[in-house]
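Take a look at the structures below.
Two complexes follow with chain A in common, the first pairing it with chain B and the second with chain C.
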Partner chain A sequence: MMRAHKIIRFARIAVFIFAAASSSAAQESHIARWTGHADAGKQLYFRYCWGCHGFRGDGNGENAQYLNILPRNFVAATFKCRSTPTGTLPTDEDLSRAIERGLVNSNMPSWSALTNQQRGDLVAFIKTFSPRWKSEKPGDPIQVPPEPAINLESIQHGKELFTKLECWKCHGAEGRGDGPAAASLTDNSNQPIHPYDFQTGSRFKCGTTNEDLFKIFMTGLDGTPMPSFADVLKPNEAWDLVHYLRTLQVTHKSPELRLWESTKEGAEIMKATRVGGTPTGSGIN
Partner chain B sequence: MQVREPAAEWPATQKISKKFSYRLCAALGIAVFLVASRPASALPVPPAGVHAIPAFARKYDMPCSSCHEAWPKLSPFGQAFKDNGYQLGNERDAPIYQHPSYWPITFRITPNWHRESTNRVAVDGAARGSTVENEITTDGFDWSSLDIHTAGTLAKNISFYVLPSSDSTGAFHFESVWARLDNLLGSSWFNIKFGKFELDNLQSEKRILTLSNVGGIYQNYHFQPLVTPGAAGNALVSENLYRNGIGDNQVGVEWLGHSKDDRTRVSAALVNSNDGQPNFTSTNGAENFPTGKSYNGYFAASRGFEVGRLGLQRVGGFAYIGQEPTYFQFTSAGAGIAGTGIGNKGFYRAGLIGMWYVKKFDVTTMYFHGWDSAFLGSNTAANQPLPAGAQAPSWNGALIEPHYNLNPRFVAIGHYEAIRMSRQVFATNPANFGNIDVVTVGFRFYPFISSRAGFAFHNEYSILRQRGAAPVTGRDLTSSSLLIGFDFAY
Partner chain C sequence: MRVRKVLVVVAALFATLTMSSARPQNGGISGRVTFDGTPAKPRTIDMSMEPSCAKQYAKPVAAENVVTGPDNALENVVVYVSAGAPDEPPPSQPAILTQKGCRYAPHILAFQVNQDFEVVNDDQTSHNIHPLPSSNREWNKSQPPGAPPIEDKYARPEFIPVKCNIHPWMKGTLAVMKNSHYAITTGDGEFKLQNLPPGNYAITAWHESYGEQTQQVSITGSDSKTMNFVFKAKPY
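Let's turn to the complex of A and B:
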């Protein structure tokens, strides 16, 4: 009898410790050498974020009604920019990088002025909004193999993939975001959404590097019509597509664009697609 | 576009702090009022040109608290936004992306009750023609200057700021008028501003959290030595050849560069040597100081760094190096002809600043050093011999300004400044002649935080003592201000 009591008591303590540990883990983030704490993140959230993302993190802040691209709904815990496979939760670092980088063409600015610790604290607090963080673990980051050398074959192959995978249906044949399906696209909130315009965009939604671009179409942008191509693209093919997509960014002097312009085909396409600066200062330059 | 119901109220945890904030406000309000009921004035000098711009909040749909630790004081994010030419950098900064009805304009004014007291004011004595000192205390309802801020971007990477500001009578002047080319050559290190602007002061006097007549300026930014004390038969003499304050907006051109994350900031400005007065070809303000073709330079640099969970700390330094004409080369009917001032004599102000954060608590510390040429210090034109014993005055100063942000809606403010003369203009002056101490305490309570307007319940008490500055007797001069008001911008 005494032994049974001890076991029950031990079990209770174990359950309590497990619950406390689980709760604690959900209230923390771990990014490099920084450990974020939800209690500190809460203070920051109610200073910086609530106006758009709302008191409850549901993306229904007082300004949400005025935004063309709705703020992220942290309760749903569906995130565009991840290093993890589609359908999985992002890593803490993914969230921190999104906060630091901001989301171009949306109202989400870069919060690089915050400290790493503050971003970690915010991540920890954001994770308290959704029960998914208690029942699921973030996905394993996808492997990004070393980028092969940039050459014309790679760009040409990427161009073929762009056609074969029907990227043009949304992004348009010249990457202007004006493909035949563009007008009818909606996100998971049933809001109209525009495909990325490579011609005028200086940065991608989830980063600026070739590796970031690689991740975008290997992980997909969850919550948007942009799917993951992880099942249909081999890593080398993905790099080829990256190299071709860079040539569509006519405002960005990338090595890929310079190489592409040196060919007759590339030069002709560039001549036809290049746009000049506008007197409105609209960002096209 | 789908229109959704906005969230109606703060979450429970925030309600607790809101309730606490109300209680704290009430307690502090009573305390301030009690302090106010003691006898204590100063001449009304409304704080002008203070910056807080809900127009930006409306443009970007962000709450005031994003850019302001407590408006108008900037947060590091707000400082980065400002340094980037009022741009967030998400390709939506150009006006073409704004709704055509958007109007980048903000009004700010502060109706208030204030009480001003000065312990020794020169008044007519009982004996005919005599002058004596007496304490003068006044109080009453009032309002501040009206600031009309209009600012933003004209196009991507071209920003502007125009600030007509009135005194409480409605007489306007231009506090700021500038345009800026941002991120030239695609680099955040090349930004050129042209016009009338605030110098790149980390501790911005235009974003000061204290508003009273005594506490509403930084003494270190404006201090100029006294020349000789008041005594029987002789009035107090102050420097009267020039006026310069690095807290004052100046006219000129400024280069500013900063790292992408704004951790490192450097700037240099070339400005007129007329303390920001308009139209140097006609006068130099009401005091008509000599104006010439001289220019002054201002340099500032700072670096922010993270210290674990404490937050972002920042240290920096600044220097204002100037020269001022001391007399007019040409006169007409005895009056100097504007712009013909010559006989330039030098002065400088320099300092170090640290901004220290420990979570909700922060304190700004500043060391300040000033030096004036003996000619400027003794009010002597350069074509005249210096008075016997005249020497270049110098002084040191310190500023300590702590804040406690209980939450984005409440900030407690403290402020202490000291100025100590290290060398008097005349060695015969008392060693502490002109020394200043000023203490300010107060708080601001923001009942709501939104992206449409700002409102603060402002309470403040400030007291200043200057050694030997009584106009007749040369005794210590003490002034105090109490201010309770509604500070709002919309």
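Let's turn to the complex of A and C:
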């Protein structure tokens, strides 16, 4: 009787120690109907990811020294593409979407060839690198109200906001990413970083849709100089800004651009940016 | 049983209160922070990119990474009790960091763990407030002119560099302290840590460019101890 008790107690302690040692394995992710498991994600990570993101997930993989936007450091758990407010952890879905989409203008490719289950497993494993995932919950996703109709008023108001909020300080008056502060920007690893160039780019860092654009400036891209404007923009103003930003993408045929080109002001700006094509737009008649 | 417990607690509280008011037994530490050698000539800041700020200064202002005073005094050194004192709950009033003339005032803002702090924009230009903590959560927020103060607090003690990405010369520090025993040196390099109960303490002096130093001290009764720190100036 006594011995049976002892064995049970010993087994309990053993289980406890085992659970503590393999706590990483307990981390899960939940995206739609998939549950990701860190155990499975670990296998995938050491096949596909560690070359850049490193054995410890600190972004110091052997390829990191060749990359000019350093791989994400999962130990710091600071992520650019989130649906959650600045300073908070992203949702599992945010991370999975980033893996699926890849990050434009960086060396992170799209992993759309993986299955949803595999991406969920990877997300679960990535979350074992930082203790933040144990002590904090992801932020509450920011509210994105339905997009209002695109009209000239909205674009015009967005243009005013672009000036008033001084987006041009970094992104440039024409959205070329050549504003007066652009040259001095550094990211959190103290590496030089370029503001997004609307004229040559069509995809954004965190997606392609108007809603993605809305989220980018309302959540900020944590770890970069791009701040959150959630405290200073009302949701309807944010949509106006989205509509104006679309007109800066002169190589991307959007409904906003078409509407903007139909106005005198828009057509003139459009003509100048297209003919010029020089970094400063100089020499345009 | 419960009544007796309450009575004991009340008695103990009363005893400590009367003791501390009747006979102040707590000691203090005062001293001066200086540098040795020749510091680099302060870099002047070119604010021409931001005319609304540049016009506030008659002559170009200098960077504040090393600020010195007469007789080798070193300014902006945080002197604090790093060990020996218990952690304290935060005071209720917020600490305030003001952006004025495209600089942070004060250059170093010290406050306690979980104490509210506010960032105010007094300028006619947008700033983005970007603290870069390593053990607290990191955020980055835009603050146009006239926007309400940005409020937050930090859960862990740390020296957090804060910068504005739009105006790259704007650099400051948020010093998150574990207790209320801290001081920041001003132009004469002097500091005072008061109201320290008897005990053994580690006193650390931290400077953003010259690093940190720690000294041990033992306070008995209402001692007032003297302690000086000398930092080696870096010529570059």
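List of remarks:
Throughout what follows, the second predicted complex is superposed on the first by the 248 of 285 C-alpha atoms of A that agree within 3 Å, B and C clash if a C-alpha of one lies under 4 Å from a C-alpha of the other, contacts with A are read in each partner's own complex, and residues count from 1 in each chain.
One rule holds for everything that comes next: a residue touches a chain if its C-beta (ideal position, glycine included) is under 8 Å from a C-beta of that chain, and two chains touch if they have at least 3 such contacts.
As the structure is a computational prediction, the values presented were derived from the model and not from experiment.
In the three-chain model built by superposing on chain A, chain B and chain C fit together without any clash. When both complexes are overlaid on chain A, the residue A:114 reaches chain B alone and has no touch with chain C. Which of chain B and chain C touches more residues of chain A: that partner is B. When the shared chain is aligned, chain B comes close enough to touch A:62, but chain C does not. Touch criterion not met for A:235: it reaches neither chain B nor chain C.
Shared-chain residue A:50: touches chain B; no touch with chain C. Of the two partner chains, chain B is the only one touched by A:42; chain C is not. With chain A used as the common frame, chain B approaches chain C to a shortest CA-CA distance of 19 Å. Every residue of chain A that touches chain B in the complex is listed here, in rising order: 40, 42-43, 46-48, 50-52, 54-56, 60-68, 102-118, 191, 201-203, 280-283, 285. The part of chain A that touches chain C in the complex is made up of residues 76, 78, 85-88, 132, 136, 164-166, 169-170, 180-181, 184-185, 188, 220, 222-232. Taken in their complex, chain B has these residues touching chain A: 1-7, 9-11, 13-14, 60-63, 65-66, 75-77, 79-81, 88-92, 94-97, 153-158, 260-262, 306, 308-309, 311-312, 359-360, 407-408, 450-451. The touching residues of chain C, when paired with chain A in their complex, are 49, 125-126, 128-130, 132, 134, 137-144, 147-148, 150, 152, 165-168.
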